[in-house]
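Shared between the two complexes below is chain A, which has chain B as its partner in the first and chain C in the second.
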Partner chain A sequence: MKKLEEKIFKVLMIGSTLLIISILLFILYVILNKGLPSLSWEMISQIPSGGFYLGKEGGILNAIMGSLYLIFFSVIISLCISVPVVMYLNFTLRRKSKLAAIARLTFDVLFGIPSIVYGAFGFTLMIYFGLQASLLGGIIAISLLIIPVMIRSIDEVAILIPNELVEATKSLGATNYETIKVITRQLLPGISTAVLLSIGRGIGDAATVLFTAGYTDSIPSSLLQPTASLPLAIFFQLSSPIEEVQNRAYAAALVLTIIILILSFSARYFSRRLSKNII
Partner chain B sequence: MELLTEPLITEQPKTVRTRKPGCDKPHIEVENLNLYIQNNHILKNINLSIPDKSITCIIGPSGCGKTTLLRTFNRLHDDSVDVRITGKLFVDCEDIYAKDAEVTHIRKKMGLLAQRPCSLPMSIIDNVVYGPRLHGIRGKRNLYAIARHQLEAVGLWDEVKDRLKTPASKLSIGQQQRLCLARGLAVEPEIILGDEATSALDPISSKTIEELFVSIKDRYTIVLVTHTLRQAKRIADYVAFMYLGELIEFGTADQVFNNPKHKLTKEYISGGFS
Partner chain C sequence: MLKGRLRKDKIARHYMLTVTILAMFVLLLIGGGLLFKSWPIIQEKGLWSLLSTSNWRPFKGDFGFASYIISTLYVTGIAIVIALPLSLLTSIYIVEYASPKIQRAFSSGVDLLSGIPPVIYGVWGTLTIVPFISEKLAPNFVEFSTGYSVLAGGIVLAIMIIPLIISILMEVFGAVPKEMREASMSLGATKWQTVKKVVVRKSIPGIVAAVVLAISRAFGETIAVLMVCGNFTDLPKSIFDACYPIPALIANNYGEMMSVPKYESALMFAAFLLFFIIVVFNVISRIVLIQIDKRYQL
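For the complex of A and B:
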C-alpha cells in the first residue's frame, strides 16, 4: 500500500514537471515556427516605413527601443523607491511592528492589482497633470506596476538577514548609514532577483502602456514624446488580417522573448558574482 | 586589496586603557542599573565594578539577565523600543547613558564577540579592516599591516594568508569566530565583551579562543558571559553570579568558587540547579 502511494506521488510529480516543460517548449515552438521566417536584420534595425502594417518594408526598432527605454527607467525609479522602503520595513521598524504588517499587506494587495488598472490609474494621473501619452507616462505607470513586485521580493530576502549582522556591524562603531551599506551587500543577490522579476513583469505588459505611453512609429527623443513598445507592436500586428503582418507579430514576440532571456541570464550571472561574499 | 609580499614590520604598540585624567574608577562601573522590557523588570538594581586588565565572567542560570547586562555595556538595547533603562553605567568615568553620550564612540571602545560568529559579507581581509576603515584609516599598506597584525594575534594568519580575498563565509565556524575577534581587536578597543563566545564552537576551537583571551588579558578588560562553569573556573579572574535579574555575588574567582558567601551561589556552583 505504502509503495503504491509513493508511486502515485512520484508519477504526479514527474507528470506535472513534464507538463510545465512541455508547455514552455510548445510556446517556444509556436513563436519560432511562425516568427523565425519573418525575423530579419531589417526587422530589428529599422523603424516602420509607411506601409509596414500592410506588409511593406520596415522593422520594429521603434518598439524595441521603446520597450528598453521604458523598462530601464522604470527599474531605476522603482529601485530608488523599493530599497529604502525595504530598509525602513526591516531595519527601522521592529519585526513585529503593526505599521510594517499593514505596509506588507498593502504591497500584497498592490501586487495583485491587474495591470490595466495601473494603466487606467496612470492615465488619470496624466490627465490631472496635463500630460499626453508619452515615455514619461509609460515609465510612471510601469514603475507603479513593478514597485510592489520589487518590494516584496527584496523584502523576502531582507527578512532573512540575521540580527547578528546588524549588531556585529554596529558594535564595530558603524553608524546607521554604514550599517545599511553592509546590509545592502548582503541584499545584492535578492535585489538582482527582484530586478529580474520586475523586468519580466514590466517589459511584457501591454495594458499599462496602452493609454500611458501611446504608440508611434518613431523612436522617442524626449521623455514627453509618445513611444512604441513590443507588447503593443505584437498586439497591433496580430490584429491585422494580413498573414505576413501576423507572422511579424510572432517575430516581435520572439524578439521580446530573446530580450527577456538575455536580461535573465545576465541578471543570474551578476547575481552569482554578487553573492560571492554573502554570509 | 593588493597583497604585499615583502615582510612588514607588524609590531604595533597597543595602547592599554588610557585613563582620563582624574578618573579613579574601575574600567566599567555599573550604578543602580535597572532594565525593563515592556513592564517586566529584567535587571534589578545592579551595582558592579569591573576591574581593568582581567577576565570577568558573568555566570548564572538561563534567563537570569547575563546577556542583557552585557548588552547594556555597549548600548545594544538602543534599537529596541520597549526597553527602558535607569541608573548609570560608567565606562572610563563617562556615563554612557547620559543624554550627550555618543554611541559610536562608546562602541569603538568595545569589541563584541557574539554567540555565533557573524562575519560581514565581504572577504576575509575586508572583514578585519572594516572597523579601521570606518574610523578613517586609509592606505592599502596600513590596512594590510593591521589585518596581518590582528590575524596573527588570533592565530589565524597562517591558515588564511594565502586566501585573504576569499569570502569570510568560507571559513569554518571556529575560524570565523577568531576572525570576528580579530575584527573586534582591529578597532583597538579597550574592552572585549563575549556573549557565550565559545558555545557554538567545537572543543578545540573553544580552547583556542579561551587561550586567546588569557593571552591578551594584560592589555584588555574582558567581560564574558558563560554558560559553562568549567570555562569560568579555567579562565576567570573575577566572577559575577546573577540570579533572576539580581547580582547575587561578585568577587575573585578563587573566592566565589571556593568560598561563596551566598547560599544561592553555593548551590549553583555545586550543581544544585542550572
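For the complex of A and C:
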C-alpha cells in the first residue's frame, strides 16, 4: 500500500514534468514553424510600406529598432536607480534596518504590479506633462516596469555578500562609498544577470507601451516621436485580415523569441563567467 | 585628501538615499494618481454600484464592472486550478527525485518558459488552444464556441504562471533542511512519506506565497488573455463562452477613451482596482510570510 501510493504519484510527477517541458518545446515549435517561412532579409531590414496594417510590402525594421531604442534607454535609466538603491539597502543601512525592510516590501509589491497598470499610470503622467505617445513615454513606462525587476534581482545577490568583506574594507579605513566600489566588483555577475533579465522583461511587454509609445511605420528620430515595438508589431499585425501582414506578425514573434533565447543563454554564460571574480 | 574622500562619500550617501526614497514613492504615486483620475466616476456612481452592476454602456453613462470582475476571477480561477497541481508535482519531482543533471536542465527550461513574453503566449494560444477548443473540445459540451473563451484564457494563463510557481516552489522545497529528511527516513518512513509529511508540510507557507503571487500575476495579465478571451461584454455562461477581463478592457478601449472624460475616469478606476487588489494581496502575503519565518527561526 505504501509503495503503491508512491508509485502512482511518481508516474504523475514524471508525467507533469514531461508535460511542462513538452509545452515549452511545442510553443517554440509553433513560433518557429509559423515564423521561419516569413523571415527573410527583407523582413528585418525594411520598414513596412503602405501602412503596417494594410500594406503588403516591407518588413518589421521599425519594430526592431523601436524596441532596441526603448530597451536601451530604459536599462540605462534603471541601472542608475537600481544599483544605488541596492547598495544603500545592503551596505549603508544596518542589516536589520526598518527602512530597508519597508523598502524591500515596497519593491516586492512594485514587482507584482501588472504592466497594464504601469502603462495606464505612464499615460496619465504623460497627459499631465502634455506629452503625446512617444519614445520618451515608452522609455518612462518601461523603466518603471523594470526598476523593481532589477532591484530585486541585484538584491538577491547582494544579500549573499559576506559581512566580513564589508567589515574588512571598512577596517582598512575605506569610506562607505569606497566600500561600495569594492563590492560592486563582487556584484558584477548579479548586475549583468539582472540587466539581461530586465531586457527580457522590458522588450517583450506589450501592455506598457500600448498606451505610452504608440505605433508608427517609421523609425523614430527624436524622443518625442511615437515608436513601433516588437510586441505591438505582433499584436496589431496579427489581427489584420491580410495574410502578408499576418506573416509580418509571425516574423516579429520569431525575432522576439530568438532575442529572448539569446538573452536566456547569455544570462547563464555571464553568471558563470563573471563569477570568477567572486571571493 | 581625506576631505575629498569624505565629500564623495557624503554625496554618494545622499544620492542613494534620495533614489531609494523616490523609487519607493513610485508606489504611492501610482496609487494616488490612479485614484485621483478615477475619483470623478467614484463620486458620481458610488463605489458599490460600480462594482456590483454589470451595465456597461459608456456612451450613455452606465459603468458597471461586475461582468469584468467576474471574468477576471473566472479566468484566474481556471488558471490556478490547472497550474497548481502540475507545478506541485513537477517541483517535488525535480527537487526530491531527479538527478542533479536533470535538475539543471529543467531549471534552464523553466527560466526560458518564464522569459517568454506574454504576446508570444498569445500568438501560440490563438494558433493552437483556440482552434483546439472550438473544433475538438467544445462540440462535446456546447453547440457552438468560437474557441475564444474563458477556458482558452485560463489555459494560456496557467502556462504563463507555471514557471513562476515552480521557481518559487523549487526554492521553498530546497530550503527544507536535509537533516529533517534524514530524521524522517531514519524513523523508517519511505521517501514518499517523507516528502508528504515533512517536506510539503514544512513548505506550506511557501506554497501559499507562491499561489498568492501567481494569482496576482494572473489578475493583471493583459495581452495574452486579451488575444484569446474573445472580449465580449456579457456574463460568461460556460467556460466555452467569451469573457472580458479587466486588463483587457483597459487595453482595448484606450483609443476611444480620450473623447469621453467619464469613460477615461472609468478605465482609470479599473486600473486602480487592479492596483489596489494586487497591492493588498502582496502586502498581506509578505507580512504573513515574514511572521511565519520569524516563528520558524526560533
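Keep this in mind: the second predicted complex is superposed on the first by the 245 of 279 C-alpha atoms of A that agree within 3 Å, B and C clash if a C-alpha of one lies under 4 Å from a C-alpha of the other, contacts with A are read in each partner's own complex, and residues count from 1 in each chain.
Simple rule for what comes next: a residue touches a chain if its C-beta (ideal position, glycine included) is under 8 Å from a C-beta of that chain, and two chains touch if they have at least 3 such contacts.
Treat the numbers as computed from the prediction; the structure is a model and nothing was measured.
The superposed arrangement places chain B and chain C next to each other on chain A without a clash. Chain B and chain C, viewed from the C-alpha centre of chain A in the overlaid structures, lie at an angle of 100 degrees when rounded to the nearest 10. With both structures placed on the common chain, the touch criterion links A:E178 to chain B and to chain C. When the shared chain is aligned, chain B comes close enough to touch A:T169, but chain C does not.
Touch criterion met: A:S115 reaches chain C, while chain B stays clear of it.
When the shared chain is aligned, chain B comes close enough to touch A:Q186, but chain C does not. When chain A is checked against chain B and against chain C, the one touching more of its residues turns out to be C.
Shared-chain residue A:W41: touches no atom of chain B or chain C. By the touch criterion defined above, A:R94 reaches chain B but does not reach chain C.
For the pair chain B and chain C, the minimum alpha-carbon spacing after aligning on chain A is 8 Å. Once the two complexes are overlaid on chain A, the chain A residues touched by chain B in the first and by chain C in the second are 175, 178. Residues 2-3, 5-6, 9-10, 12-17, 19-21, 23-24, 26-27, 30-31, 34, 80-81, 84-85, 87-89, 92, 102-103, 105-110, 112-121, 123-125, 144, 147, 151, 175-178, 180, 197, 200, 203-207, 210-211, 231, 234-235, 238, 249-250, 253, 256-257, 260-261, 263-264, 267-268 of chain A are the ones touching chain C in the complex. By the touch criterion stated above, chain B contacts chain A in their complex at residues 74, 76, 79-81, 104-105, 107-108, 110-112, 114, 116, 118-123, 130-131, 134-135, 167-169, 180, 183-184, 187.
Every residue of chain A that touches chain B in the complex is listed here, in rising order: 94, 162, 164-175, 178, 182, 185-186, 276-279. Taken together, the chain C residues at the contact with chain A in this complex read 5-6, 8-9, 12-13, 15-17, 19-20, 22-24, 26-27, 29-30, 33-34, 37, 85-86, 89-90, 92-94, 97-98, 106, 108-113, 115-124, 126-128, 159, 162, 166, 190-193, 213, 216-217, 219-223, 227, 247, 250-251, 254, 267-268, 271, 274-275, 278-279, 281-283, 286-287.
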